[in-house]
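Taking it in order: structure first as C-alpha cells, then the write-up.
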Amino acid sequence: MTDQAHNGEKVAWTEQELAEIEEIASRYPSRRSAMLPVLWMAQHKFGWLSLPVLELVAETVGVPPSEARAVASFYTMLKKKPTGRYVLQVCHTLSCALNGAEEIIRHIESKYDFDENGNTPDGLFTLERVECLASCGSGPMMQVGEHYYERLTPEKVDEILAGFESGEPLPTPRPEADEWQWNLQS
Amino acid sequence: MDWIQIGIVAAKIGFAVAFVMSIVPILIWGERKWSAYIQDRPGPNRAQIAGIRAGGLVHVLTDVVKLFMKEDVQPTAAMKAYWWVAPLIPMIVGLMTFTVVPWSSDFAIPAHSFGDWPAADLTIPMQVARINAGMLFILAFSSLSVYGIMLAGWGSNNKFSMLGGLRASAQMISYELAMGLSVVVMFLVYGTVRLDEIAQQQAGSIFNWGIFAPTGFIVGLIAFLIYWTSVLAETNRLPFDLPEGEAEIVAGYHTEYSSMRFALFFMAEYAHMIVGSTLTVTLFFGSYNIPFLRPETLQANIDGVLIALGCLGIPVNLFFAWLAWKRRRRVFYLSIRPDDPRQKEPKFWVAVWTMAALASAGLAVLGISRWVGMHLLAAETAVLLLHIGMLLVKVMFFCYVFVWIRWTLPRFRYDQLMNLGWRMMVPVAIANVLLAGIWVIIRETFLA
Amino acid sequence: MPTVKVNGIEVEVAPGTNMIEAARQAGVDIPHYCYHPHLPVAGNCRMCLVDVEAGGRGPDIACNMQARDGLAIRTDTDNVKRMRRSVMEFLLVNHPLDCPICDQAGECRLQDYYMEHGQHHSRLADEKITRTKRQDIGDLIILDADRCIACSRCVRFSDEVTKTGELRLFNRTDHTEIGVFPGTRLSHHYQGCLADICPVGALTNKDFRFQKRSWYLRAEPSVCDRCATGCNIDVDHDHGEVFRYRPRRNDAVNKSWMCDFGRLSYKRLAAEDRILTARGPEGAEGVDAVLAGLAAAVDAAARDHGDGSVGLVLGTRATNEANWAMLRALRAAVPGARVFLVEGNDPDAFDYTDDLLVHADKNPNTAGVRLIAEADGAVGDAEALRAALADGGLRLLLVLADDVLARLGEVRRPEALAFFGTWANATSEAARWVLPLAAAQEVEGSFTNFQGRVQRLQPAIPAAGDSRPGQVLAAGLARALGEDALPAGAAGVFHDLAANVPAFFGLSLAGLGAEGALVHREPPTEQVAPPDTRPAP
Amino acid sequence: MTQQVPGPEMTTGQKFYVREVLQGLWITLKHTVRNVLNADENFTIIDYPDVKKVMPERYKGAHRLTTRPDGKVKCVACMMCAQICPAKCITIEAGEDPDDPVEKYPVQFQIDMLRCIYCGFCVEACPKDAIRMDTGIYEINGFTRQDLIHDKAYMKDLKAGKKPLAEDWYREHPEDAPPGYDVKAPKLREGY
Amino acid sequence: MAMEPSILTSRWKIPDAHRIDVAMKHGAWATLPAALKMAPGEITQVVKDSGLRGRGGAGFPTGVKWGFVPPPEKRNGKPVYLVCNADESEPGTFKDRYLMWKDPHMFLEGIVISAYAIGAKAAYIYLRGEFGFVRRRVDEAIAEARAKGFIGRNILGSGVDVEVYTHLGAGAYICGEETALLSSLEGKKGQPKLKPPFPAVEGAWRAPTIVNNVETMAAVTWIVGHGAAAYREFGTEKSPGTKLLSVSGHVLKPGVYEIDMGIPMMDFIMDTAGGLRPGRKLKAVVPGGSSVPIMTPDEVARATIDYESIHEVSGSYLGSGGMIVMDDTTDLAEGLANLLRFYAHESCGQCTPCREGTGWMFRILKRVKEGRATDVDLATLKNLADNIHSKTICFFGASAAMPVQSWLKKFPDEFFGRVHRTGKVGYADVGAEPPGGDKPGGTTQAAK
C-alpha cells in the first residue's frame, strides 16, 4: 500500500506496533472494538487518516475498509485531511462564546493566512473551531496537542503562538485550571 | 317575321344570357368578398396578374380555369342519363325564366333613322318574349329546376346525394306554394300577369312601387316578405340551404359532381339568385324604373340627366382614386418586398378610378353635346342604358341582400323549415290573398 | 400467540412479530422506510411512529415494537398524522427535487407517503445540503447520495445478506452520506436487490436506468428460469416488451432477493438467438407443417425400425407440463419409444454458484422432470442415451429444451434429431426439425425447484414469433400422430400430471398460489383426487 | 340522454324573430361598411399571409423546447407531458448524458402535431419549464405526415414569439411606424 | 460559604492527590476491602437506600439501574460489563474532568466496588477524545492501583477479578449517550441503539452492561464507605447527597463546586460563584448543561438546587450540573444560534428528525441572528423543535429541542426583536405567554 499522500512510502505497522495492537485488542471481547485505539495509533503515526491508512486499519481490525472510513468520518478528532504541526482547536460553544471566543478566533485569523481547510501555507498551524472541550469555566480556551490553554486573551494568544513559531515544543499535557480554580485556592 | 326581327330577337336572347352569365362571376366574387368583410377577413387576395389582384376578382378567373381543367369524375354506379342531364336543368331553367323579364321600357326606333330603315316607327319590347302568360311562365319554369336537383340526387346513386335531393324537392315544393300565393297577390293588385305591364305601372314616384301604393302598403309588404323568404328557399340559400347540409349529408345532391358539372350547379345557384332578385325588383321595387323619373320624362330631359350624372361621377370617382392612392401606405405594402409586383396595385387602382372619372366626364360631354344640339347619343339609347343600369343596380342590391342574409343567419333545422313553410307562410299568404282581394275591391269601388 | 390491538382491531400474531407486520395483518398499513422484513431492524427513519394506547409509553416506532399481550396502538390519531407529516418534512428538507430525472419516481416511497402524509408546502427558506450525485459503484448500480434518506437498508443488506459490507453511511449530522470506500466497487452478485430495497432513488439499477418510467409497467408474477432455485419474480412489461425482473417476496424460496444473473435474464426473451420460427428439412415451413413432417418421420421410424428407434429426451429447462405432455404424446403414439433424462448444465448457463440463492444446477425444472421420470419408470439416464446412440438403434431423437448434445459431449449423433427449444444451441444446429418453444415468462405452467416446490408460471407477454408452449407443441405432435385425446391447456395437462405422478397428487395449477406448493416427498399410497380447475369447455 | 334546459319564456314578438334577425343583419352590415371604408387602416382586416397577426403573449402556438445556457434542452425526459397529454401525441426516448450534471436528457422528443389538440397540459405539467407553447406559431403545416411530427432538433431552435403588439412596438420604435401613424393615439386594436 | 460539604472533593486541595500514596494517606482505597466483604447484593442495596441518582444528567437512581442486570442464570453465559461514562461533552459541564484529574482514585475505587456489586469482570472508562491528558493520569492511577492489588485478578485475595481499562473516544458529543457510548466502545460509529433492549439487559457486545457517570462512581465509594444514612444527611428527601456543579459564564468565580443539594440557587450564584460582574443584572441561567431549558432570574430566585425544585419552578432540569450564567449583556438569539450550531454539529446522523431537524433549526437561527428571518421562521422553529422532541432514538433530539422551546418561550422578545414582523405570528405561536398588549396567537401555516 503506497500512496501519494504519504510520499510514496509504504503504509504499514512495525512489529512493535502490531504487538501493541494485539495487546489493545485483547482488552475487548471483540477485535473490532480496537478500532478507535488503532485509528488513534494510525493518526499519531501517519499524521492523518488517508485512504491507504484507513485500509490498513480496516485490515488490522478485520472489518471492510468502508467501515473504517465510516468510523473515521464520524469522529471529529480523527483527521481526514492533512493538518499543520500545531492544531489550534479553539472552543466556540456557549460558555466560551459568552466570554469572547469569537474575539480570540478573529485575532488568530488576522495573524495568519489560513486556507479553506484552516491550514497556514507553511504547514505550521491549523485553526479549528471546535465544540465544547469541557473547560467552560475557564473560557475562552483552546487546545493544542493535549494541552488546554485557558482564560485566553489576545495578548496571551500572541505569546503562545510566538512560542510555537520559535519551535517551542508542546507543553506537558494538562489543563491550566489548577492555577486559578477558586474553591481550591486555600 | 323578317330577318331583322329574327336578328333583334337573337340579340335580345344574347343579351339575356349575357346579363345573367356576366353577373354570375361577379356575384361569386362579391359573395366571397362581402362575406369576408362581414367576418372581418380579407377575402380572396392571392391570385394576381402581373401583380394586380383586382380585389380578388382574378380568383374567379382562376376558378374557371381550374374547373375546366379538373377531371370529370363519374361514379361507376351512377345512372348515366340522369346524371348527365341533371346539371343542365337548373342552369337552363334559370336562363329561361329570364326571358320574360323586362329590362327597360320599350325601345322605339323612329322611322327612317338609318336611311330607309325602319320603314315605320319600330317599337322593340325590351324583353326576350312578351307573352301573355308572363309571370305564370316563370312560375311554371322555375318549378322545373327541382327536377335537376332530384335527378342529380337520384342519379348519383349516393345516399347523401339522394337525401339532399329529397330534401331539396320537398323544400322547393313547399315554398313554391307560398311564393305562388304571394305572386297572386301582385296579380290581383296589378290586374295583370304580364311583367312588362307590371313594370310600366310602377313608373314614377317610388310610391308606385309594388310594395307601396298600388297594394295598399300592408298587402304588398306581406307579399314581399313571403315572396323573399320563398325565394331564399327556392334558391337553396342560407338559412334554407338544407339540401347541402355539410354537417349531415356532405354536399347533398351534388356530392358526386366535379369539374364543370359541379360548376353548372354552382352557377345555376347564382343564376337563380339573379333571376330571383330581378323578379323581386320587377314585382315590388319598380322594375327598371328610375325613381321619380317616368320613361317619358326621362327621355324628355335626357340632356340634364346625363350632365348631372357625369358631373356627379367625376368627383366620386376621383375620391375613390384618392382613396386608392392613400392605400399605398397600408401595412401590407410595407410588409411585402419593395420589388414585389403587387406594389403596383395602388397605381393600378388610381388608374382605374381615374378612367372611371374620365368616363363620367365623357357622359357629361355626351349630355352637353345633346344640349348644344349635337346629338352624339340618341335619347332612346340613353334611356335604354339608364334603365338597364338602374335594373342592374337594383338587382345587385338584392343579390347583396342574399349574401348578407346568408352570412348573418344560421341554418334552419329541417322540421323548423317545414313548420315555417306550411304552418306559417302558407296560411299567412292565403290570408294575404284575401286581404288583397278586399283591397282591390275597395280600390276599384271607392277610389277609382 | 400474543393478541394485540391495532386501531381497535384485535389481531393475533406469532410471537416476535413486530407491530408493522401485526398491523399489516390487521389490514392497517404503517408507512416505513428503514424497516424491511428480511433485514434487521434499524429504527432510524422514524416514519413508523405510532401512538401506544396501552402496554407502552408515548409514541414509539412500530418496527421495534414486538407484539405482546395487551399492546394496543393507534395509527389514526392526529398525533400520528402530525408525526408522519413532520418526519416526511424532515426527510425532504435536504432531498433534491430530482423526481423528473429519478428512475424511482412512480415507485418511490417518498412520493407515495408524501401524497398521503406530506404537508404539501415547503417551509424551507435555506439552502439544501447537497451530496455526491451519480456515482458508478457497481456493475449494476448507480448511487446518487443526494437522494439518500439514510435509512441504511442497503448497509444492512450488504452486511447481513451478502456479508460484503461495502456500503456505509459516512460522516454524521445532515451531511451523512451513503457510499463505498473510495476506489472500490460492489463485488457481489445481488446488486440489483440494492436498487429494489432502496425506498428512494439513491440506488438505481443501471440496466433499467432511464428505460421506462415505472408507472407504465405492469407486473406479472412469474418464476426465474435461470437456476434450480426458482426465485419468484415479477415480470415488469409494457406492450409486450419486458423491461426488468424484480424479485417477488417468497419467504420459503428467495425471501425478497434474486441474483443479478437471473435479473438480467429478461434480455434473453428478446435475444438474437431466440428460435422464433419452426424449421424443417425444407427450411421454415410453419409450426404445423413441421410437426406433421416430424410425425411422419416418427411413424416411419417406428414402422420401419420398431418403436425402440424413436427416442425422447425430457427437458430440465422446460415446464412440468411441457415434459408431461411430450411424454404422454410420444408414449401414446409410440408405446415402445425410449425416453431419457440428461442432467447437467448447458453451455449458455452462467458460471457462478453460491450458498445464498444461486444453485449449482442451472436448470429450473430438474426436480420436476426427475419426478416425472420416476413416475414413468422407464426413463434412462445420460449413460443409457450414450449407449443407445452408440449402437445406432436410436434413429430419431426428440429433444425438449436442453442442449443435450453439448451435455453429452463427444457422442455418435442420431440419424435424425428434432429439437423443441427456445434458444439456438448445438442441438438445434444439428437438428433436422426445430420447433420454437415459448419462454417461461410467456407461458402458463409450472416449475419444480430444487426444494421440490412447484411454482406457477403465468404468461406476462405474448409468446415471441411462432413459439408456443411445450404442451401445445406436444398436443400438435400428438394430433399429427393421430392421437386427439390429449389436453393442450396447461391446467388440463397439470391435472393429468397430478393424476399420474404420485409426487404431484392433489396439486392443481390454480391451487399453487403465489408461494407454490411442495411436492410429496413420500408419495401418498392412495391417489388424492386433484380438484379439477380446468375451465368448463 | 341529453336534457333540455328550460330557457326563458319567449314573448310572442320574440317568436317571430324579426327584431333578432334585423339586429343580426345590422351587425353584419356594420362590419361590412366599416371594413370597406377602413380598408386602408388595415388593422381589423389583416392581409394574411403577407401581414401576420401578432398573437397575444399567452396564445398557444407550436411547442418549443427551452434550452439551458449551454445550449442543451432543459427537458429531462421525465415523461410528465407524455403522461398528461390527452391526445397521447408526445413520444420521448430518454437517455443518459454522461458529461452532464443533469444526467437524463431526451434522446428524441417528438410531438405529433396532427394529434395535438393544443390544450397546453404539457406546459402545465412540465416540472422543468422545458416545453412552452409561446412561439406564437399558428401556421403548422406540412406536405407529409412526417413533416408534422415536430422533433427535438426543430423545437429546440424555435424562439419565443413574445412579440409586442404592433402598438407597443411602434411606441418603442416610432421609426418603424407607418407614415402618418400617430404613436400617441393609436387606433389599432379597434374592432377586436 | 460555610456550608460547603466536601465529600467528593475532599482530596482536591491536597497536592499530588492523584498519587496513590498521597491519596491513600487521605482515605483512598479504604472502602474497597470492606466492600469486598459485603455480598454484591448488599452493596446494591446500600446504593439503592442512599437514593443516589445518576450524576450524568438523567438522574436515574443508580441502585435501581444495577438491579436491572439479569441474574447469572438468565445471561446465557454472557459476562457483565461496567462502563464508566467519562465522555463529558455537555457544554457547561466540566466536573468529571476535575474529578478525574484531581482525584482519580476516588472514582476508580467506586468502579471496582460497582463492578463487584454487579458482577462485572471488566470495566471500561470511556473518556472523550480530547481528554488525552486525563487518560494518562487515569492510566497511571490504574497502574498504581493494580500494583497495590486493588485492580486486576484476585483483588486483595478476595477472589474477585476486576480489570479496568480506559478507552479514548475521538470527538463526538453523542458518545455521552449510553448506547452510543457502547457502540463507540464496540468500535463502531458512535450512534445510539434502539431501546429496548436496554443496556442493562443487552449492552456492549450484546452482554448486560451498566453505564455510570464518573461522579456517580465516586459517590458510590463514599456511600459504601459511610453508609446510606450518612449520605442521606446531605441533600433533600428526593435528591439526597451532594452534587458537583460546574459554573461558567458571566460569574466572577466560575469553576467546580460541591454543594449540598437543596441550597437556594440565587445564593449559590451570587455568593459561592462570586456573583455577577459589577453593575450587571442576571438575565438567564441554564442550570444543568446546555440541553436543559433555560431559567429566568425570577425562577432562579425561587428555585433551590435539587432535581425536583428546579423542575417544579421552571420546568428545567438539574441535569449534569453544568450551570451557565448569563448577564444582561448577553444576546440570547446569538446564544441559541451558538447552541444549535453545537447540536447541528454533533447529531449522529442516524435518525431522521434529529439529523435533518437540528441542521435546519441552526440554519434558521443563523438567519435570525443575522436579521434575515421573519417571525414565521420563529413559529417554524418552535414547530420543528416540537417535532423533534421525543421522536428520536435517543435523548439527543430532545436535548436539541428543549433549548429552542424554552428560550423562545421564556424570552420571546429577544427573538421577535431580531426578525422582520409579518404580523402572521404571535407570541403564542412560539409557545410564549402573550404580553399584555399582544393578541394571543397569530395564525400561520407554520404554526399549524
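Chains here go by letter, A, B, C, D and E, matching the order in which they are written, and residues are numbered from 1 within each.
The rule is short, and it goes like this: a residue touches a chain if its C-beta (ideal position, glycine included) is under 8 Å from a C-beta of that chain, and two chains touch if they have at least 3 such contacts.
Since the structure is predicted, the reported quantities are computational estimates derived from the model, not experimental observations.
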Path length in steps (a step moves to a chain that is touched) from chain A to chain B: 3
Chains touching both chain B and chain D: none
A-C or A-E - the one linked by more C-beta pairs in contact: A-E
Distance-to-centre winner among chains (Cα means, whole assembly as reference): D
Centre-to-centre distance between chain E and chain D (centres being mean Cα positions), rounded to whole Å: 70
Separation of mean Cα positions, chain D and chain C [Å, integer]: 51
Geometric centre distance via CA averages, chain E-chain C, whole Å: 55
Two or more partner chains touched - positions in chain B: none
In chain A, residues with contacts to at least two other chains: 63, 67, 70, 74
Chain D: positions in contact with at least two other chains: none
Chain-to-chain touches, reported pairwise for every pair that qualifies: A-C, A-E, B-D, C-D, C-E
Chain E-touching residues of chain C, taken from the complex the two chains share: 41-47, 49, 58-59, 61, 64, 82-83, 86-87, 89-91, 93-94, 121, 123-127, 129, 149-150, 169, 171-176
Chain C residues within the chain D interface of the complex: 97, 99-101, 105, 133-134, 209-211, 213, 215-216
Residues of chain D that touch chain B when the two form their complex: 21, 24-25, 27-29, 31-32, 35-36, 39-48, 50-51, 178-180, 191
Residue ranges of chain E touching chain C (in the complex, touch as defined): 172, 174, 189, 194, 196, 344-353, 355-360, 363-364, 367, 373, 377, 380, 383-384, 387, 390-393, 445-446
Touching residues (chain side chain C, partner chain A) in the complex: 164-172, 179-184
